[in-house]
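Right after this note come the structures.
Two complexes come next, and they have one chain in common, chain A, joined by chain B in the first and chain C in the second.
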Partner chain A sequence: MSATTTEPATAEPPRLDAFLRFVVRARQANMFLVLVLALFVGLVFGGIMIIVTQPTLLTSWSHFFSHPGGTIASSFNTVWFAYEELFQGAVVNFHSLRLLIDDPSKVTLATALIPLSGTLTYATPLIVAGLGLAIGFRSSLFNIGGQGQVILGGVLALLVGFSFHLTPVLQVPLEMIAAIGGGALLAGFAGVLKAYTGAHEVIVTMMSNYTMIAVLGYLLIQPLFARPGVLDGASKAVGVSGQLPYFFSHLNAALLLNVGFIIALVAVFAVQWFFTRSKTGFELLMVGQNPDAARVAGIYSKRSIIICLALAGGLLGLAGMLELTGVDHFVTPNFGGSYGFDAITVALLGRNKPWGVFFAAIFFGAMFTGGEAMQAFTPTNIQFSLADVIQAVVVFCVATPALLVEVFHLRGGSRLMNSTYAGGWV
Partner chain B sequence: MKLELRGITKRFGSLTANNNVNLVVNPGEIHCLLGENGAGKSTLMNILYGLITPDEGQILIDDEVVTIVDPKDAVNHGIGMVHQHFMLIPVFSIADNVILGSEPLKPWPVIDYKAATSRLIELANEYDFEIDDPQATVEDLPIGAQQRVEILKALSHEASVLILDEPTAVLTPQETDAFMVILRSLKASGKSIIFITHKLREVLAIADVITVMRLGEVVGVTTPKETDERGLAAMMVGRDVNFVVEKLPASIGDVVLKVENLYVEDSRGLTSVKDVSFEVRAGEILAVAGVQGNGQTELVEALTGMRHPSSGHVTLNGVDLAGESVRRFLNAGVGHVPEDRQRYGLIPSLSISDNLVLDQLDDPRFRRRFGRDLKAIKANGIQKRESFDIRSQSEESPVGALSGGNQQKVVMARELSRELKVLICSQPTRGLDVGSIEFMHRQIVDIRDSGVAVIIVSSELDEVVALGDRIAVLYDGEIQDIVPPTASREDLGLLMAGAGKAKVNA
Partner chain C sequence: MSTEAREVVTLETLRVVTRKRSLAYGITLMALGLVEILWYGGADSKLHTTIQFGYNTATIWPVVAELWRVVLLIAGLAIITVALRAKEIASLERLGRFFESVRGARGIAVIIGAYLVIWPVLLWLGINQHGQLRTMTVDVAFTGYVFGIASIVVGAIMAWKRFDRRASGMLYSGLLVFLLGFLIWVARGSLDLQLTGILASAVAVSTFLMLGSLSGTLCERSGVVNIAIEGQFIAGALASIVFASAFHGSGVSLTFALVFAGLFGAFFGWILAIMALRYGANQIIVGVVIVAFCTAMSQFLSTQVLNTHQNLNGSYGLPVWAIPWLSHIPLVGPVLFDQNVLVFIAFAAVIIANFALFRTRWGLRVRSVGEKPIASETVGINVVHVRYGAVILGGFIAGVGGAGFTLGPGSPFTYGMTAGYGYIALAIMIFGRWRPYGALMASLLFGFTIALSANLNLYLSQLVIPQQFITALPYLITIAVVSGLVGRIRPPAADGVPFQRH
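And now, the complex of A and B:
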C-alpha cells in the first residue's frame, strides 16, 4: 500500500512528494487517528439515520433520478442543520457569539458559553464515575454496581447536606467523606466476598444495584428524608451551605458549572498518579495482569481485590455526591439514573486512562446537552436518540479499532488491536 | 512426499526473521531444525504452515510450487503441525479432540461417535500408539499422552509431513524416550518429520539431516555422523560453547536453610512431599533431581511461602518460616526463580524496568516520598539490561515480547538484585538455547561463590550433575538419597526411578 503511494511521488514535484509522505505517515495507526475516524464514522452514520428517518427526505429520494441535485442538497442541508444545532447546543451558540462581536453591550460571553457550561456540568459526575470503573478494569475487576454506589454516595451526602448548616468549606468535604465512604464500603463488601468466598464481583455488585434502588425508595417515604407535603417522592434539599458553589452564576443564572468540575479534575490527576507512581496502584495493575506472578512477588491478592473495589466504589460514591450537591440538590426515586452504566462506556471509550476518561465523559456530556438542543431547535424535530446513535457508533468504533484499521487501511494496526481494555472475567 | 522451501525471506519492520532460507525435506526423513531462540525457526515453520505469508520465496511439494496462505491449505497439502503449546480442548475426550474439524457424520448431520472411536483406534494401531481409553478426558492425561493425541490429530488429517515444534521441552526423560520410539515408527511408515529443538543430544540421536539456523539464515546442513554436540553448538551460537560448567570447589559455610520433616499437600489434598529433610549451607549448590511431578513443585512452593506445609519446619538462619506469607520469605532473603517464568515470574504486558522491581516495590532504592521512583526504576532497567545482556529494543519494551532466554534473564536479574540468603531456581534453563543456558549457569555459580545457599530443581540430568555440589533425588515426594555429583548416571537414574538407596548401593 505504502509502496503504491510513494512510488509515483519520485516523479512528482517535491511538494506533492512531501504531501504524500505526510499522508502515508498520517495513516500510521494511532489512537488519535482512531478517535477522529470514529467520530467521522459516527457522524456519517448519524447522517444516514437522519435521512432515512425523515419522511420528506425519503420522498425526495424517490425522485432521485429526476432531481439528483435537489435531493442531495436537501438531505445534506437537513443533516448539516441538525449537526449545527448539536454543536451549538453542546459548545457555543453561534447566534449569541455573532451578537457579542457586533455589539458587546447586548450580550455577554457568558451567555454564549451556556451550552459549554451545560456540557461540563453533565460530564462532571461522569468523569469521576468513569475513573472508578477504569480502576476496576485496569485490575481486571468488573464493577457493575456503579448505580448502587452512586445512589448510596448521593444518599449519604444528602444526609450530611440537610442535617448540618456549617460553612461550605467544612460541609462539602464532610459530604465528600460520607459519599466516598459509603461507595467504598458497598463495593468493598463485594471485594471481601470475592476475596474470601470467591463470589463473583459482577453478580454481587449487580445485585447491590437493586438493593440500593429499593433502599432509596424506602428512605424517600421516611419522614427523615421525605420533603414534607410533597407526594412525588422528592427528598429534602441540601442546605445552601452544602451545595457546590457555582463559578459563574453571578454572570448568568444559567451558567451552572460548579466546583465539582475542579474536584473531578483533581480526581483525574489523583488516579493518574495512583496508577503510574503509587505502590498500591502498581500492585493492583500486577494482580490484574497476572495474579500468579503477583503472588510470587509477595503481593497479597485478597487485599488488592478489596482495595481495588473499595477505591472504585469510593469514586462512584463521590460521583453521586457531585450529582446531588452540584445539580439537583435533592434526591428523587430515579436518582443516579444511568450514571453507573454510562460510566462503563466512558471508561471503555477512554481506554481506562485517566485523561481518556476525562475527555470521554465530556464527549458524553456534549452529546447529551447537544442532543437536547437538536431535538428542541430543529424544525423537523430530529429525535434526541440520534445523539445516542452517534455516541454508540463512536464507542463501537473505538472499542474495535480492528474495524477502523481494516476499513481505512491503517498501517501498523496490530499494536492497537492487541491493547487490552479490560482483563478477563477472573 | 518431498518438501522444499526455496529462498524464503520474511521481514518484520527492520528485523529480518528469515533471509533467503532454503530447506529440503525428503520422504521418510527426520529433519532437525536447530537454532537459538529467535533464530527464525518458528517463523519459517509458521510460513510453511500458512500462518505467516513470506515476503519472498516459494514452497514446493514434489517439485511443484504450491501456495499456502492458510493452515487449511497446509493441511490439504499433507502438512501437519504439533505446536509447543498444545491446541487441544482439555475437557473433550481423546476421540473428540482427534475428530475435531473433520467430524465423521452419520447419513444425517449428527456426529458418528462410533466411527470416530474406531477411526482413532485404527490410527493408533497403525502407528503403535498406546491409547487405553479413547473416551478419556484430555486434561486428565499426562503431558506425554496429550502430545500423542496432538500427533494423532495431525495424522488423522493424513499428514505426510509433520512439524513438531519443540516437542520434548515439556516431556520427562522417560516420555522423551517413548517419544523417540514414536518418531522412529512414523519414519518407518514413510512420514517426513521436521523436528524443532534446542536439545543437541536428541538431535544427534534421531536426526537424519540437521539444518542449523542463526539470525534468520541457514548456517549449515549436516548429519549426526559428521558432527557432535560441540560442533552443533558452535554452529548455532557462532562461537565455541563451554559445556562443562566451570566452577571451583565449593567453599562451604554455615547451614543457612534447614528443612525438617516437611509434609506438603498438593491442590487436590494429596500429600506430595513426604517427610523431606535436608540442609543447605552457604556457598553450596544443592541440586534436586527427579522426574517431573514427584513433588518438586510443591516442595519449591513450600520453600517460598506459596504453599503452607501441613507439618514440618523450614528454618532460615534459625527462624522457622513454615506457614509464613510469601512476603516474609522474600524479606528473609529467599530468592525465587519460578518454574514457569511466564506465568509466575513475569507480567508480560509490563516493561522490562517494571518487571525488574516486581517484588521490590518497598525497596527504598525504588521509592520516593509517597510513590514509586520512576527515574530510579528506569535507571535500574538500563543498568540491568546492560549487565545481563537482555536483548530488547529498550528497557521499556514489554517483557512479553522477549524470547525465553531474555525473559529468564529478567527474572534472574531481579532476584539477584535483592539481598539473598538462599536462591531457589526451579528449572532455570527449561526451553532456553545453548547460549542462554551457559549464561544462567555462570550466574548460578557466581551467586554460590558469593556465599549464598543455592537450590536448583531440575529434571535435566545434565544440568543437575553439572551444577550440583550435592544431588538430592526426589521420588514420589520423598528424598531417596543425597549423593555427590560424582555418582554415576545409572545410579542417579535408579534413584529417580525410585529404586531406593539400598538397591543402588547393593
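And now, the complex of A and C:
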C-alpha cells in the first residue's frame, strides 16, 4: 500500500527494540515460515503418535506424577531415536560419515551416500508425476487419474522395452515417447470429455484409474506380457538396452541413482519454462486463475483444457516409464500403486511451483526411505507408515495455511490463503 | 462451465429432447434384443441353467394345489387392476378416491397383487417343490429368444411411439433383463446360478455405497464438495471395529460402535466444514488431504497397534434381521428382508433423507443455500450455519457407512479395505442426480456389478469376455454417465463455491 499524495504519511511506527522488531518480523507469514511450522507440527504429531502407541511409554505415563522427569525423558528418547533413524535412513548415516572422515576414499563415500541415493531414486518418478499434477492444479484442473496414467505409460514403455533391442540412446527415448503418448492419450480423453460434455475430470480420471488397474490385470495374464513360469503376475523385463543406466553402481551396487534423475531435472526446467515463458503456459495460468477474464481475452477454454490435461498426463506417463526402467524393470499387478495419489500431495506441498514440487518430491522420497530404515532399526519397531502420517500432516498444514496462520497468530496470512477456486462438477 | 451462456429451455425444446432420447433408447433396446438372440439364443439347445431362488431353508415357498393357483392368479390380477383403474370404473369410485388420497396405498396394493401373480406363475414354471432349496431350471437358448424378442418388441414400440416419461425406466429394465440373460448364459451346464446369493451380496455391497453417496448428496446440496468420503469411510471402519472389539461385541456395544463410527466421520466432516466455510479453502484440496491423512493413520494404527493387539480388531458382525412374512418371499425375501441391520439403516436413511430434503423447511434451506447462497442470506438464512450442519451430518452418515466395511460382514479391519469405494460413492451421487432415491438406485446398480464381478469366479471357465472387463464395468458406466451419455446432469449451482458474506 502506498500512501496517497493528498494525505500526509501516517504516523511513524512506535520505536521497538531489536528483539520486538524481530518477533514482529518473524510473525509475518511467508511460505518458508509456514513450511517450517508445518514440519514442526508434523513431527510433534508424529511424536505424540509414537508415545500413544507404545505400551511401555503409556505405562510410564501412568507413573507420571511420581517420576515426571523419567517419563518425559523416556518418551523423548524414544521419539528422538525414531526421528534420528528416520534422518539417517533418508540422508546420511552418521556411522558411515565417521568412517568417511577416517578414510576419505571413493568407496566409503559411496557407502555414506546410499541413503541419499535411495531418497533421490524414490523421488525421481515422483518429481515428474508431481509436475504433471501441478500443471493441472495451476489451471484449476484436478487430475486424480495419476495412477491410471502412470500404469498406461509404464505398460507402453514396457512394450517398447522388451520388443526392441536397440542401443540405449535410441531405445530410452522411444520408451519415453511411448509412455508420454500413452499418458497424454488417457488424460487427454478426460480433457475432451470435460471440454465437450462437461464431465468433471475428477470423476473421469478417477474411474480411468480403476479401469487401468483392471486392464493391467488383464494384460499381465496375456502371453504377450506375462513372464513365462512366474506365478506372481510379474511381467517380462525390459531389455538391458532399454534400462536407464545407473550413475554409480560400479562403486556400490546399492547406489541405484540413475539417468532418470537427470530427465526429471530437465522436466522441472521445462515446466518452469512452460509457465514463465511460453504462450500456452500463460494461457493455462490465465484460465486457471480467472476463467471469465481468459474467455474475454479470447482464450479458447476447450482447447486449453485438453492441452493442459494431455500435458499433465504425458508427464505422469513419463513418471511411469521412469519408475519402470529405473529400478525394477518389470511390471507387477500393483504397479504405480500410490504414485497417483502421492503426486497429488507432492504438488500440493510444492505449492504447484516446479522447484517446489522438486523439493517436495525429495522430501517424500526421504520420508519413504527413512521410514523403512526407522522400521528396521528402532528397537520398538515403529512402523514406516508413521512417515506417511507425518507427511499427511505436513501437507495438510501447507495446503491449507489458514490453520497455521490461525494457530500461531501469524500476521498477513491472508496473502497465503488465496487458494484456487474449487468449482463444482460441471 | 457455469459462466457460459445456457440455451433457453422451453417446453417445446424439452419435448424434442425427450422424444429424441426415447428414439435412441428404443434403438438401444432393439440392439440389445438382437444381441440377446444371437448370443444367448445361439447357445446349445440342450443346455439348461438351474437358478437358485433362495438359500435360506427356513423360508419355504408354500406349494399349493392347481385350483388354488388359479384363484391366486385371478385374485392378484384383480387387485392390480383395481389399484390402477379404480377411478375409471363407476361402481368402484370410492375405492378410487381412497387410492388417490392415501399416499403409497396404490403402490402397496400393486406389490401385493404382483406377489399373488408371481407365486403361481413360478410354481407352474417348475420351482422345485420338494427340495428345501427352491430352484428353477430354464432352457438357455429359449430364454435368450424370449428375452431378445421381448426386448426388440418393446424397443420398437418405444422408438415408434416416442414415450416421453417411461423411456429411461424401460431402458433400465431392458438392461437388467440383458444382465439376467447373461447370468443364465454364463451359468449354463452343470453349475447352479446362485442368483439369490449374487443379489444379496449386491445389496450388502451397496449399503456403504448408499450411505456414502447419501453423504455426498447432503453436502453438495448445501454447496460443499465432500471428496473426503473415502477418508470418512476409513475412519468409520476403523473406529467401529475397535469400539466393538473393546466391548466384546455385545448388542449395546455394536449400536454404540455405529454411533462412534458416525462421530468419527462427523469429526472429519467438521474439519472439512471449518476449512471450507471459515477459511474459504479449496474444498477438493481439503478433501484430498483428509483422505491422505486418514489413509496414513489407518495404515499406521493397523500395523503399529492392531497387529500386536489382535483383541482390538476382532470379527464382530451386526445382527441379521429376518423380517417376518416378507423374508419368505422367494428371491426378494432373502435379498431385501434377510440382511444385517445396517442394510435396513441405509434404506431408512435414504427414505428419511429424501423426505427431509424435499419436504421439510430444513431441506428447503439446504437446497437454497446450495443453489443461490446470496438469495438465501437475503431472506435471513444463515448460510454458513446451514452448510456446517449439512456437512457434519453428511460426515456422520459416511462414517456409519464406513462401519459397513467391518461390522457389516463381521470382518476385522485391514488396511486398504475401503478400496476407493468413497470415490465411487461420489460418482454414484452424480449418477443419482443429487437425489437420495437416485443414489439408492445407482448404488444398487453398482453393487450388482461389483457383486457380479466378485461372483463370476465360479463360472470362469465358461466366461468368454475377460473377468477384468466385468470389474471395470461400473467405472466405464460412470464415465458414460458423467459425460452425459445417459441424460443431462445439473449439479447444485453453488456447488464448491466458497461463500463470502456481503
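Observations, loosely collected:
Throughout what follows, the second predicted complex is superposed on the first by the 393 of 426 C-alpha atoms of A that agree within 3 Å, B and C clash if a C-alpha of one lies under 4 Å from a C-alpha of the other, contacts with A are read in each partner's own complex, and residues count from 1 in each chain.
One rule holds in what follows: a contact is a pair of C-beta atoms (placed from the backbone, for glycine too) under 8 Å apart; a residue touches a chain by one contact, two chains touch by 3 or more.
Predicted model only: the values in this text are computed from it and were never measured.
On the superposed chain A, the two partners chain B and chain C do not both fit; they clash.
In the superposed model, A:77 lies in contact with neither chain B nor chain C.
Using the contact criterion defined above for the overlaid structures, shared-chain residue A:59 touches neither chain B nor chain C, since it reaches no partner.
When the two complexes are overlaid on their common chain A, residue A:385 makes contact with chain C while staying clear of chain B. Of the two partner chains placed by the overlay, only chain B lies in contact with A:278; chain C stays clear of it.
In the superposition on chain A, A:334 makes contact with neither chain B nor chain C.
Set against each other, chain B and chain C touch different numbers of residues in chain A, with C touching more.
In the superposition on chain A, contact is made by A:295 with both chain B and chain C.
Using the contact criterion defined above for the overlaid structures, shared-chain residue A:286 touches chain B, although it does not reach chain C.
By the touch criterion defined above, A:215 lies against chain C but remains apart from chain B after alignment on the C-alpha atoms of chain A.
Within the three-chain superposition, the chain B stretch that clashes with chain C turns out to be 95-103, the only such case among 5-13, 41-49, 95-103 or 257-265. Chain A uses residues 292, 295, 420 to touch chain B in one structure and chain C in the other. Chain contact summary for the complex, chain A toward chain C: residues 49, 53, 142, 144, 193, 197-200, 202-204, 206-211, 214-215, 217-218, 291-292, 295, 301, 341, 344-345, 348, 382-383, 385-386, 388-389, 391-393, 395-396, 399-400, 402-403, 406, 417, 419-426. On the chain C side of its complex with chain A, the touching residues are 1-3, 220, 225, 227, 275, 278-286, 288-290, 292-293, 295-297, 299-301, 303-305, 420, 423, 426-427, 430, 466, 468-469, 471-472, 475-476, 478-479, 482-485, 489-498. Only residues 304-306, 325-327, 329-331, 336, 338, 343-350, 354, 358-359, 361-362, 367, 370-372, 374 of chain B touch chain A when the two sit together in their complex. Listing the residues of chain A that touch chain B in their complex gives 273, 276-279, 282-283, 285-286, 289-290, 292-298, 300, 420.
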